[in-house]
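Below, chain A partners chain B and then partners chain C, in two separate complexes.
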Partner chain A sequence: MNKDSLRRYSTVLIVSIILILLAVYVSLTNGTYDLSVRDILETLFRINPTPDKDLVIFEFRLPRIIVAALVGFGLGIAGTVIQGITKNGLADPGILGINSGASLTIVLFIFLFNGKLKGAGLISILSMPLFGLIGGLGSALLIYLFAWKNGRLDTQRLILVGIAISSGLGALSLFISLKMDAADFEMAAVWINGSIWGANWKYIVSIIPWLLVLVPIIISKSFVLDLFQLEEDSVKSLGVSTEKEKGVLLLAAIGIVSACVSVSGNIGFVGLLAPHIAKTLVGIHHNRVIFVSGLVGMLLLIASDFIGKTIFSPVELPVGIVISIIGIPYFVYLLIKSKA
Partner chain B sequence: MAKNRPIPIIILLLSPIVIILAIVLSVIYGAKDININVIRDAFLNFDGENVNHQIIMYSRIPRVIGALLIGAFLAISGAIMQGMTRNYLASPSIMGVSDGSVFAITICMIFFPDTSSLNMIFYSFVGSAIGAGLVFGLASLTPNGMSPVRLAIIGTITGSFLSSISAALSTYFQVSQNISFWYNAKLHQITPDKIKIIIPFAIIGIITSLIISKSITILSLGEEISISLGQNTKLIKIVAMGTVVILTGISVALAGKIAFVGLIIPHIVRFFVGSDYRWIVPCSGVMGAILLAFSDIISRFINYPFETPIGVVTSFIGVPFFLYLARTKGGKK
Partner chain C sequence: MSILKVKDLESCYENFRVFKDIDLEIEEGKITTIIGPNGCGKSTLLKTMGRIIKPSSGNVYLKNENISKMRTKQIAKSLALLPQNPIAPSELKVEELVSYGRFPHCKKMSKLTNKDREVIDWAINITKISEFRERQIGALSGGQRQKVWLAMALAQETEILLLDEPTTYLDMSHQLEVLKIVEELNREKKCTIVMVLHDINHASRFSHNIVAMKKGEIIATGEPKEIITKHILKNVFNIDARVMIDEEINSPVCFGYDSIDLEGA
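Presenting the complex of A and B:
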């Protein structure tokens, strides 16, 4: 079947949605406390709710699944945009400095304030993601400013500056984290390695607006991403105002990644892997790739989170590690099968 | 390119002076400061009973030589990788070399916990070779897999796969801390014996990379151009990758993961000397050696009396400098 055909696209869409639903089902029913489908339906539709099941479903499992789904979707889309703009298959949300900036502010936050903010109030729950968001946006902005010169954004320079600032901030975080005491260090390490165990409804509420606003913007610009794959001069001669479009797309990607990273920690790898898988599945047209990449990211993250929390239970594997272990063999298979 | 000629020559001429300075400073300063006269004595008439002489000969000198060599290895491998793949994000770490080593060491720590440290180095090297072999194996199975972009992607994902498996295994068998210990704080454990092991590899690796540097320049123009210029691109690529595996494999085995040097030194050098790899390769080697040796000295003082991981210091020095260059020179091209 031709990679670009509409039939293939719809098959991919349907299959991935079915797989996502399957993953959601498995993660809802399995765990330390097994539930049947009936339990879940009864709890969800408030037919015969019990406090136990409410607790397991609404406080533990559902928020975590939804956060995983949203973050995976967001990172998959943002990754596609970043690879599209930079025309570099190795680029991932990490090069925008968002992960490292967010990590730095989180480490700083734990280092400076930990122990002073106790309790489960809204402020103390949201203050860490908020710091992460500020750090992520701040470092992305810094990279943007460094890469911006003479009224244009050179993508080559964006990549170089991005790596440099990311590793600088990473070094700074490491340096600060070495000065922490052991308990704080542990906490920072868990966050930096990427984890969605702390997921709750407030996190979900705090990232949904970003996705609702920014994803449609990106999808509406997908044709520009197609054009960007040409030489920059040809794009200009087609009448695209490249700098403006690049700016809009990048800012949208930055916003999404910051929101995702601030609730889930450092899970950049989805953003690298999902677009590649999507491109091998449905060809290179961005209006299709963007959406499929989001779905692939969603599936990867829900499934990986479930595996990570159950396989070595009660020890939890960082979700990023699981993503690589299950995502990469599949991607390699796709690569080997693909035509040159 | 002609106008750039003096700069690399200046770099190469000045480097011995800077390197000697790095050696002297590195021997003098540390947890115990040593007088320069004592150092002279240690060289001229070594006294096995004298503690200072022992520190100098068995700890400080091997350490600084190790830092210089490893810095050079990493930077040269980085330059070759970037030239060969024509990708600015390429660094030795995307060849599966360091992740392969982590994988081997993890297995080793879990199943053969009593292995001696010299044998560990050997296993680490074997792991690097396996990691790189896996990358090339997959690349040759993949259609168009040897193209720069595909190879880089395959290398990256294979590397993360290996390191994820290692992380999962070490979490399960609870050896993460030992592994992290093995990979950090490595430079000060370098002994004269280890230096002796790496010298032959150093000579082979550096000479090979200088020989192929001209071909790398041609390769960096693009696959088609280099083929039409009559180059045997496949042979060059294999030799180049072999060199990278030897150089980084040794570095990882001896010093753990020092990611930054291999990525950023070639960029800094390119800003100064242009795009001719006959100059980029030697200058990268020299600059990498100097950066790592000085970072090693600084790492002893930044959080005195504790030593700071050297990767932190290399970033603190390298990043601002790199940003400055990217700002001022990057636009010209």
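Presenting the complex of A and C:
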């Protein structure tokens, strides 16, 4: 039995990595300026580089693909954590208001430094996730404040409070963005809807440390997440410090989400879809689900970004909107299934 | 000697006080059953003893150590609590759920030691669930599931076991089966057991001591013969009970009862 599930797990890993590579390949080669595999290999390995190919690959396509991959990976994992803590398969970082909290502070950031952002240096881009984190933490604090009951975090309340905070902070972001000048407003609006058009290497540098630190913490807690699937009394009786573990996991998820939101805006549904797909593929054990969910998120985002980029070309659809278009029917499907 | 002791205990849900000034000592190596009408605070008392609920005042002592000062994982090595309606993902395998009971003893859950496996096997055997140990929780009947949960609590290898209505929703033979496992555990492993039961005849038959509660107060404690009496049952449940001694098991049984209000009408 163990052998079977192990084989399944490795198959899923291999297939998803192949699919991701395929998506990367398609996104790299297709677009307004078509490239062949040979062009790409030649450029990547510096065999026969030309400035225009360099520009397309290193400045436009590659950073964007990598940002999509990292954000998808992060959101998939954060979603798994949030679903695990709340024991609610319909929860996602977006529903909990973490996204909108992070968005709010980042919109505020754009607003305060308006106009200066386009030429922003590495420092200000690196500080974006920190701003996002403040917002993410702020909304998490609000959620804790309202969802705390009888000395513990009530997971039912967590979701209800999250939804309320999410729309409240979303409205606030919109309000602030309306006060911006036209250029900043457009940037903020596109960014709020979840877009990675502005991706460059600095964004990648700003998001990687967060993933490097927080993802291993989450993976090390995968067994605790398994235990959390029992009801709370049993978990406590087994000697798990539930509030402490919930706090650590939630903080790690918030950190990841804030970093992702700061580079890509408010992308919903990845955190909802990826864990579900991962669980259907590899079962309920978090030591497997977490990583696979990250891979699924990665694939979803790379593919959606490519679709958004090409389908109405030259007009670009923000990736967040493409994900929502895929996500909403799946969400409805999950609702119907959970009813049955 | 008492292994578990509560002193001046008070517990609240939000602003509602369930009980106050509760003192109780649980005798080591004995089966103690708490009985009482719905809402009298017996489950809350059990949960407070098992540190699931924090008391608003007063203390619980586990082997003379204040549990609020102990680490929860440390407590889990000496005390296991089986809640009333435990829930697990239906895809989880029986064996896996039982192995969760080893959590307090393990450094890393990915590596179960031989000792862990032995204890898991023992728990599975004593609860007689080995024939479906490979099955998923979702595929089991209520009675089977309850035994699996009991096995998980047993895998914790604790001296004290707290059971919150372990027989609710089970048919008569499963009820008896679960209680007989509990009895065997007490006899063979000298395990101290505290449980909440609704069936006073089961309480009478399987316990050494009974604690009768009503409206957040302990009305009486003692051996079954002292507690399962016409007088105390009237006081606690407001019923007119007909009680006799069952010679076969040498403990009182209530063979019929009526509510007192109806009799007056």
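FYI, the second predicted complex is superposed on the first by the 271 of 340 C-alpha atoms of A that agree within 3 Å, B and C clash if a C-alpha of one lies under 4 Å from a C-alpha of the other, contacts with A are read in each partner's own complex, and residues count from 1 in each chain.
Heads up, the rule we're going with is that a residue touches a chain if its C-beta (ideal position, glycine included) is under 8 Å from a C-beta of that chain, and two chains touch if they have at least 3 such contacts.
Treat the numbers as computed from the prediction; the structure is a model and nothing was measured.
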> With the two structures laid over each other on chain A, which partner does A:A91 touch: chain B (first), chain C (second), both, or neither?
Replying inline: first
> Touch check for A:L75: first (chain B), second (chain C), both, or neither?
Replying inline: neither
> Which chain makes contact with more of the residues of chain A, chain B or else chain C?
Replying inline: B
>> If we overlay the two complexes on their shared chain A, which of chain B and chain C does A:A171 touch? Say first, second, both or neither.
In response: first
> First (chain B), second (chain C), both or neither: which does A:L317 touch?
Replying inline: first
>> Is A:L160 touching anything from chain B or chain C once the two structures are fitted on A? First, second, both or neither.
In response: first
> After superposition on the shared chain, which partner residues are touched by A:E231: those of chain B (first), chain C (second), both, or neither?
Replying inline: second
>> In the overlaid three-chain picture, which partner chain does A:L335 touch, first (chain B) or second (chain C), both, or neither?
In response: first
>> Let me test your reading of the model: by the given contact rule, A:N150 touches which partner, first (chain B), second (chain C), both or neither?
In response: both
>> From the superposed pair, tell me which chain A residues show up as contacts to chain B and also as contacts to chain C.
In response: 149-150
> Mind pulling up the chain B residues that touch chain A in the complex?
Replying inline: 87-90, 94, 138, 141-145, 149-150, 152-154, 156-158, 160-161, 163-165, 167-168, 171-172, 259-260, 263-264, 267, 302-303, 306, 308-309, 311-316, 318-320, 322-323, 326-327, 330-331
> Which part of chain A faces chain C closely enough to touch in the complex?
Replying inline: 1, 149-151, 223, 226-227, 229-231, 233-234, 236-241, 283-284, 287
> Which residues of chain C touch chain A in their complex?
Replying inline: 13-14, 47, 50-52, 54, 71-77, 80-83, 85-89, 91-92, 100-101, 103-104, 109-110, 134, 149, 152-153, 156
> Where on chain A is chain B touching in the complex?
Replying inline: 88-91, 95, 146, 149-150, 154, 156-157, 159-161, 163-165, 167-168, 170-172, 174-175, 178-179, 269, 272-273, 276, 312, 315, 317-318, 320-325, 328-329, 331-332, 335-336, 338-340
